[in-house]
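What follows is a pair of complexes built around chain A, which joins chain B in one and chain C in the other.
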Partner chain A sequence: MTKFTFPQSIKSRPIYGTLEAREGAAHLLVADAHGAEAILDVATPEMMAKAHIIYIPKGQEFEDRLRALKPASFYSGPSYSAAEPRLHKTLADARMGLQVYLTGTEGLMGQAMNAAMAAGIPHTAIQTEHRGSVARRMQCVHCKGITEDVETDPFVCSHCGLNLFVRDHYSRRLAAYQGVCIDAEDPGNVPESKGIYE
Partner chain B sequence: MTIQFNDESFRDDYSFYNSERAIKRFPFPFHEDSYMYSVNMEQHRGGPKDSVYEKRFDVDEHYVSEMRDRALVLADDPLRCQSLPHMTLAGWDLLELIMVSKSEDYPDLFELHRDGNTWRWINKPLGIDDTFTFLDEATLPYGPMEYITRQAQGDFAVLDQRDDNLWMDAGMVTTQADWSLDFDIGMNFFEWHAPVPLAHEKGIFVRALKFLLNIQQGAPARRLNWTMTVNPLLDTSPENYHKWGIQKTTLTPENIGAKQHLRVELQTFFRLPRSNALVFPIRCYLCSFQDLMTVPKWGRRLHRVVRDLPVELATYKGFIANRPMMLDYLKNFDDGLPTSPGIWPDLESEPPLKT
Partner chain C sequence: MSGAEKIAVTVTDIVPLNDLVTRFEFKRTDGGLLPTFSGGAHTVVEMHDGESTRLNPYSLMSDPMDQTAYTISVRRDDQGRGGSLYMHTKVAVGDEMVISYPVNLFSLDLRAKKHLFLAGGIGITPFLAQIKQLERFNGHWELHYACRTESLGSYVDELTEHHPNETHIYYDDQKQTINLVNLLEGQPLGTHVYVCGPKGMIEWVRQTAAAEGWPREAIHYEEFLAPQPGKPFEVKLAVSNKVISVGENESLLEAMERAGVDAPYLCRGGACGQCETNVIDYSGNFIHRDHWLDDEEHASGQKIMPCVSRFEGKTLVLDR
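Moving on to the complex of A and B:
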């Protein structure tokens, strides 16, 4: 199951849609893991003729199918941070009329959206579609360290080691949810971890 | 009158105290015997003599010590003061607003001498005498917002206005009720208020935003907000929550009167002239339960408000666990007599506690 219906939440939490092909002078599609499926769903030959796909497989086997779409430019890389120089260059070179499509995990979409916003594209003009893992990119409010791909609540900060609970409060600027110490008022009393939406 | 500045601390030994004058002018936030969210805005155009409403930026006996505490917080965590690049002009607007207001409202404490863009600012309580060029950042030791808010009590959120919304794009936040500027910077009005329970459903934020977007130059507004804090700790930040959270468990029936503080925010809103930004000063006042109980009306009312507050609000404000102990203490100051409307202490007209 790569599509997930998120429960209703607070107003800082991002809401994702379904990608749709839009008219554009060029198309930038950034995806990780199962986000490839959303690209396969939305791609048209006209779009692909002007498309640049940046893909981070994270162990998923979609690369050949994406290449078969014959995008004008295709990149597959080992991690988001490895893809960043290419993404920033692409955005810096972008002209009016670029359409941006982000799909896959929340962490990937959030970070790529940040890069697009820094390049001057309003976040409301960027399409997103969640696919695959519901893991979150979390910032520890105490040490400020980011822990990627957090699947359980509570979790241990990978930087300072505090036990953090997973809030729905989300910062677009940090592309992260907020993690707050869960046992500050009763040190050591940490409830058993469970999946974030369990 | 000349203010005697306290030498006190808001951490470690907590030597903070309120003089009798400070208690009488404490901005008690409940105008009736119950509390629910509302868009409780009013014009900020003065108020009763010596009240916290009287001046545009209230300066009180805690000024010097609060500024010392702010410097300690900033040395420990510079991320408490941030300004996105497009907010510098708003910072100058804010500097001007505070300097003009304080020098006019407290001429014995602050002086501003302007000769074109060459400004001389004298802050006597803090021993500052600086000459700088207005709108030239290189002539100040900090950015304009940081410079002036290191000399002004309360937190400051500087909000950019665009797309029919307000954006938290700059701020100085060291005396906050558990929210993080570093996390919230760049968010719009609905996003940074997202964690507040009940109020979204009641339409509070939609109406409040509409009001705030229309605030005009020279017509500032204000409201009060409140929460509870154990010990007179100004820096109840999420950043340091893993250090101060434990203090909530140190209340006992014996120490609650001295340790439990009502924390009140006087929130004001000023339109800034050049940037069209809105500055949102959030001034924190602390008062211990035992000091509040010296005002009979407040004793009666605080008991009723805390007793009847919805569970969601007591949880959000962080005192649900301590509420039973609070009520055990507060009930001794509620004799069931009616209370007069409004927030003022009404010491002359309200009857003493019936024992």
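Moving on to the complex of A and C:
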């Protein structure tokens, strides 16, 4: 299942939509893993003629199908960090009328949203669609280290080793959810880890 | 009392710029300082002309940080209800007048990487203050200004002299037109477009920018809407329990004020939404002129903006 209905939550939690093809001078599509399915759903020949796809497969086998859409430009890379210089250069050179589509995991969408906003696009004009893993990009509020692709709650901070509780409190600036020490009062008393939405 | 707070001012300078446009300078009558404002703000000028009182909004065009004086430019409208004619023919240096605190419904979005200004005719005035504001911190801007003729090009000389690289002038009578699609397509990411001028120009820019894929949040516009004269009509005000008649040359809002009803307002130009009024009952046709309500609300017969809209028919009952 690559579509997931997130439970109701607090106001700071991002809400994702469904991509729709919009009029624009150029189209920038950034996706990871199952986000490829959303691109396959939204792509039209007119859009692809002016499209730049930046894709991070994360082990998924969609690359051939994305290339078959014949986008004007296609890039596939091992990680978001690897794709970042290309994304920043694309945004720096872009003109008004560029449409931005982000799809895949929350971590990917949040970080690419940050880059697009910094380039001057209002966040309300950036389209997003969640697909695939519901893992979160987490920031440890204690050591500030980021742990990517967190699937369980609680989890162990990959930087400082604290046991962290997964909160819904989201930072658009960091593109990350907050992780807070769960056993600060009673060290070692850590509930059993389970899936975030279990 | 509704509307923004008032300031008592004295007219300190009147400069005719061309056949249609005259500039007025106001200073505080008590000798104090005026509030600073932000580029794009307007002030509502009170005009007491015999029996009738008009309150017309005019964009402030002076430096927003200059607290010693405000200046506005008024274009004479011979077909209008006489507000601009009053300013042109009855107001003299030394006269005491009342204006409102500045209200801004057309402010710069300072998150923009670049500001693209499109002005038509007297629509240049808010941009003059915005340019002064941006120049203070080296803002990135560009102006495209369309005028009817060289002789009617208010502030063209000043703009081209001080900002030769940012200013682009187009004269209608020389068949010069803004190449809008080309202009919009060439703008770097993060540009915001601002348009002020006649209704047709605003529609043209809004529609073209939307078709070019510009985000709604990056398109800003201000239209100079003055209440238009029309046939007199009667209105029943249910809350105040009054029946008033709206004269040919006054707006519904002005008629309510004349009758002593304290109706809310801010811009008096159909833009801000402050005077939105519920309709309780009606039989006839609304003449909606605002751009606050959407088409559906205009068609519903349930709301009216008394600052610019009128009514023709037998009965109109308002919740005011």
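The rule is short, and it goes like this: the second predicted complex is superposed on the first by the 198 of 198 C-alpha atoms of A that agree within 3 Å, B and C clash if a C-alpha of one lies under 4 Å from a C-alpha of the other, contacts with A are read in each partner's own complex, and residues count from 1 in each chain.
Everything below uses one rule, namely that a contact is a pair of C-beta atoms (placed from the backbone, for glycine too) under 8 Å apart; a residue touches a chain by one contact, two chains touch by 3 or more.
Given the structure is predicted, the values throughout are model-derived calculations rather than measurements.
Trainee: Which partner does A:G120 reach: the first (chain B), the second (chain C), both, or neither?
Mentor: A:G120 sits against chain C, while chain B stays out of touch.
Trainee: After superposition on the shared chain, which partner residues are touched by A:V156: those of chain B (first), chain C (second), both, or neither?
Mentor: So A:V156 meets neither chain B nor chain C here.
Trainee: Please work out whether A:Q139 is in contact with chain B alone, chain C alone, both, or neither, and reply first, second, both or neither.
Mentor: In the superposition, A:Q139 contacts chain B only.
Trainee: After lining up the shared chain so the two structures overlap, which partner does A:L40 touch, if you call chain B first and chain C second: first, second, both or neither?
Mentor: Neither partner.
Trainee: Is A:V190 touching the first partner chain B, the second partner chain C, both, or neither of them?
Mentor: A:V190 sits against neither chain B nor chain C.
Trainee: By residue count, which of the two partners contacts chain A more extensively, chain B or chain C?
Mentor: The partner with more contacted residues on chain A is B.
Trainee: Quick check for you: in the superposed arrangement, does A:E23 touch first (chain B), second (chain C), both or neither?
Mentor: Touch status of A:E23: second partner only.
Trainee: If you stack the two complexes on chain A, which partner ends up touching A:G97: first (chain B), second (chain C), both, or neither?
Mentor: second
Trainee: Considering the complex alone, what residue numbers of chain A touch chain C?
Mentor: Result: residues 22-25, 91-92, 94-99, 119-122, 124-125 of chain A touch chain C.
Trainee: In the complex of these two chains, what residues of chain A are touching chain B?
Mentor: Touching chain B: residues 10-13, 139, 141-142, 144, 162, 167-169, 171-174, 178, 180-181, 184-187 of chain A.
Trainee: For chain C, which residues are in contact with chain A within the complex?
Mentor: 111-113, 184-191, 211-218
Trainee: Please output the residues of chain B touching chain A within their complex, sorted ascending.
Mentor: Interface residues on chain B, with respect to chain A: 79, 180, 182-187, 190-195, 200, 238-246, 248-249, 321.
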